[in-house]
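One chain, chain A, links the two complexes that follow: it is found with chain B in the first and with chain C in the second.
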Partner chain A sequence: MELKQQLVIPRAVEAVWQALNDPEMLQHSLPGCQHFEQTGDNAYDMTVSAKIGPVKATFNGAIALQNLNPPFSYEISGEGKGGVAGFAKGGAKVSLKAVTESGEPATQLSYSVEAAVGGKIAQVGGRLIQGAARKMAQDFFTQFVRRLCDDETIELVIETIETP
Partner chain B sequence: MYQFNFHKADNLSTAVELFNAFDEPMYIAGGHTLIPTMKQRLSAPSDVIDLAKIPDLDAITLAGDTLQIGAMATHAKVAASSLVQGHCSALATLAEGIGDRQVRHRGTIGGSLANNDPAADYPAAVLGLGAQIVTDRRTITADTFFKAMFETTLEPDEIIQTIHFPQVDQAVYLKFPNPASRYAMVGVMLTRTAGEARIAITGAAASVFRAAAFEEALTADFSLPAIDAVTLPAETLNADMHASAEYRAHLCKVLIKRGVNALSS
Partner chain C sequence: MSGSLIGKSVLRKEDHRFVSGKGRYTDDIQLVGLTYAAFVRSPYARADIKSFDVSDALAAPGVIAVLTGEEVAKDGLGGLPCGWMIHSKDGSEMRQPHHPVLAADRVNYLGEPVALVIADTQLEAKNAAELVMVDFEPLTAVVNPATASQAETLYEAVPNNLCYEWELGDEAATEAGLAAAAHVTTLKLTNNRLIPNAIEPRAALAEYNSGTDEIILHTTSQNPHLVRLIMTAFVQIAPEHKLRVIAPDVGGGFGSKIFIYSEETALAWAAKKLGLTIKWTADRSESFLTDAHGRDHVSEAQLALSADGEFLALKVKTVANMGAYLSTFASAVPTYLYGTLLAGQYRTPAIYVEVDSVFTNTAPVDAYRGAGRPEATYLVERIVEKAAAEMGLDPAELRRRNFIGRDQFPYQTPVALEYDTGDYEASLHKALKMADYNTFSARQAEAEARGKLRGIGLSCYIEACGLAPSQVAGALGAGVGLWESGEVRVNPTGSVTVLTGSHSHGQGHETTFAQLVADRLGLPIEDVEVVHGDTGKLDFGLGTYGSRSLAVGGSALSVAADKVVEKGRKIAAHLLRTDVDNIDFDAPVFKMIDSNESKTFQEIAFAAYVNHDYPSEELEPGLAEKAFYDPLNFTYPAGTHICEVEIDPDTGVVEIIQFVAVDDFGTIINPMIVEGQVHGGLAQGIGQALLEQAVYDDTGQLITGSYMDYCMPRADNFPDFKVGMTCTPCTHNPVGAKGCGEAGAIGSPPAVMNAITQALGGIEIDMPATSEKVWRAVQTMPALKTA
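Up next is the complex of A and B:
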């Protein structure tokens, strides 16, 4: 599964970068995140419970941030096990670009995700994975931007970039 | 399957009371999504509350111009109902084409709507026909009912009671089924009421949606040339091992064209 999307955040690049490296910020933005703990330099353990329709699974996993190029880009890689439900593994490249929006400094955030799921969840839910990934990205960034801008009313527009 | 407690509710308020008394409750209607998921251990409710014994929840009646279908009516019952066939034959055809015989005799219209599977047929019927969903506490219009993949505006403990279908002038449902699952790769419900075209598409995106550009063009001029230049953007459509997003976008237009042909002849 691949997903490439971009969005504009009405904050300067440095502020967005800082938030993207703030464990508390990430924990509160991640839908269903029950546990988030720093285990080393740029390494985290987490527990996420995902509910997609009738399926409910709790994933335990670890993520690491790599190839850090502050404040412009990094890569996230991780994998998680959901017990009887199966497993998920994947990575994302995130990059930031300074833009202006209505005369104010803003940030264009683009990311490309590659993920694979296996086990029962892939057998039963194969046709749903892309939709689920889009929805999780939408939920994550909506929370993230709302927290960053301290404005609960922001409706985020995420644009899907066509794969060439 | 994990162990769970089974409760039979004999009326709606008891069902809601039971639901609110437990940690991880689930209502069960036909169970054709819930039971397979529980068997796979992908879902483990502590308490399952059966709605099958609530009287009259599967009734099909006609009140003036409005067809009222009870939430527990099975697909087979809807397909065979002369009231449904007389009011809107496209709806009976749609019900007849869901899943296989077993699914049609157990699966229910209310269960399908509350689940809002992105490839289920009934969401297209409800949205395309402009139906209203009556629950144990309010009435919800189709346009506000479906929120996202597997998400509706229903509260966790809310129960669908009946679905009210208004009279439309013309309607047709065209489905391109996945040959293995019989789920819609794309399903199109095209209706016309007083010249106004309404199109709901299921199976193509994360949730059922209306094809606004096609509706506008067909309302202005109900003909094939009117939609020649209209396209559906593929970016937000589903892509999987069966079909790419571009293929689905193309399929939507092909089915809409077939629908226009069917309603013009």
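Up next is the complex of A and C:
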């Protein structure tokens, strides 16, 4: 599964970068996140419940932030196990670019995700993963931007760059 | 009265039970103290097992025990064997990796069971199964059969992942035929991988009686005696006489319930080990992952023809996917059930076939309705039709020129089989007439005027059924003889209990076998009861598969019924104070030839058990006779299927306009049941051609793992089938029957694909012909003339 999308956040690059490295920010933006704990430099353990098609599961996993190039880009890689529901593993490249919006400094955030799933998720939910991933990204960034801007009314527009 | 029931569409005796909800399937059985099992399965196609941690699962509510592959290994259980030895070209034996009941250190396909959780309820067992922590270390999986022999080796003892490299036929003569040909047609094709999808999933209920040390296993099996033999002689969970296997009502098998699987074996072992009564019923997801899949061949073929269309030679190279382990009959399917059928209905003088069977990290592949014969028929009938198109000949005429003539039987083919009888011209002629073949071009033109694409396709199939005879099967590598047992047990009041080693899981044996015996003895069909599927009640039997039940099991009953008549004549002679030679059986009456004295069947039956004055040296009491019937040859059902399709070029949707099936099954006992078998087979064959395909991604994940992605045919995919019959009775069994269970699934796929290929102007696509594939093919066609 591959997904490439981008969005514009009405905050300067440095502020977005800081938020992207703030565990509390990430935890509260991640839909279904039940547990989020820093285990080392740029390494976290987490528990996330997710529903893909008919399969609902709680994933225990770890993620790591790599190739940090502040304040412009990093990579996330992770793997989660959901018991009989199967497993998911994957990575995302995230990059930030300074832009202006209505004359104010803003950030264009773009990301590309690659993910693989196995077990029951692949068996019965395989073709729903693309949709589930989009929804998860939409929910995550909506929460993320609303918290960052302290404005619960923001309706986020995410643009898909490429659909495989 | 004899002869009055044969050929009659008697309503099925078992249907009242089934349609009124009174069928008794394995999952229906409730016993005191029942516990439930759930299996822990690999989420990876290939991985090392580093460790098991069952502590959380054991602590979960209701959990009684957790058994893993480690306990299986500690108890020294044998592996699940494959029953058919195949030798490679160089004479070496096929390579068979150890197939553990539960994996302990390495898993080799997605869904392979590694542990078993037993709890008070099904829900508790399933919940606790999620708590079994298995530390898997994923490894690279080998998935594609076409390249498996060049991929990483999966088993140390199996170089290049090759199970065997088999050949059949005369290579030199075939090459000579190709060299001398005026025309050579070549074809590459894939026979798509299928998932069986019986309506009743696999299930087992194992009970252990510590007082008698007996295990009783109720299970969804097509051949309970083979289950008992393999579990006791090979896996060694108990001595054979301490395991009773009962296959009660079973809801469909199509081959997938012939095989001996991990789950049922583990359950019987666990019941004894723990002293429990345990039930397991597969959910649909488990069925997708672990019921042995079918087909999965990749083939290339060349057909050599003379200038006037005479077949000179056929050369075939096939790669067959075995999956991760050799299932019970897997090795025989792409060899002796495939290569031997490549002569089809034709006089092709030279045939040479090579089959490489490979292991991959996918579910085991084994016999599925037709088993090898659909793959052979698909290849032969596609290449014959392609040759006709290339040479500008009518495909019916090309076939006719090459048919084995009705006066040429018995006919020895160049690929081992000797066909006993047949009339291929008769079924072709009848099918062409039923399909209005001669006026097809008018229908095609009419469709074209509407902007639609029409095609008509033929398939003249043959199959080898009545799986037996023991001597031939043994010479070809079968691990067991392939006869069948039957007993006709006359009760003192004259009713009859018929016991058969065949097993019915939808075929209607309780009716057909009752018809056969009732007809022979002149009894009302209500007086005949058929018993099957219980090793505790029956002699050893070999079950139902390969369209063998009537031809082999029915023949055994026919012989046993003859023995009952012979015994009855002796009893009648004694009662009437005359010689046996003076007694004639005019069913149901034993008559003196030289007087008008007689005894009814009921009088004889009663006398057999209650008489006090038998000359005990000459005549035993009782009236029950057994037969073990071992035929001399396979049976050879054959026929012609014709499919007419219309394609909407805008959507790629294929509509089947008509489907004609004309079959020669030899003598037919119950035409209604036979027609039902044909309909079911056609549905599965057309499903393969248009809709069904099991797909693994390149990591070995099954991405067609549910009905969302694995497309089963429905009623609106089919027209009203036109079914016809011709009859050349089998020459070597007493019933004259050939078998009808698989023909629909064998004959139909090439008929559908030949029709689609013609409609697409010769563009070849592989099955299944989904609307996407067809639409893409349409885009490459020259512009359509539209009205």
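As a working rule, the second predicted complex is superposed on the first by the 159 of 164 C-alpha atoms of A that agree within 3 Å, B and C clash if a C-alpha of one lies under 4 Å from a C-alpha of the other, contacts with A are read in each partner's own complex, and residues count from 1 in each chain.
Everything that follows uses one rule, which is that a contact is a pair of C-beta atoms (placed from the backbone, for glycine too) under 8 Å apart; a residue touches a chain by one contact, two chains touch by 3 or more.
This is a predicted model, so every value here is computed, not measured.
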Touching partner for A:V99 - first (chain B), second (chain C), both, neither: neither
Partner chain in contact with A:V124 - chain B first, chain C second, else both or neither: both
Touched partner set for A:R134, first chain B, second chain C, both or neither: first
Touched partner set for A:V84, first chain B, second chain C, both or neither: both
Dominant toucher of chain A (residue count), chain B or chain C: B
Chain B and chain C footprints on chain A, overlapping residues: 53, 84, 120, 124, 126-127
Parts of chain A lying in touch with chain B, wherever the complex brings them together: 52-57, 84-85, 120-121, 124, 126-132, 134-135, 160, 162
Residue ranges of chain B in contact with chain A within the complex: 33-34, 36-37, 40-44, 115-119, 148-150, 183, 205-206, 234-236, 238-242
Parts of chain C lying in touch with chain A, wherever the complex brings them together: 40-41, 43-44, 110, 129-131, 285, 288-289, 697, 699, 701-703, 705-706, 708-709
Complex contacts: residues of chain A adjacent to chain C: 53, 83-84, 86-87, 116-120, 122-124, 126-127
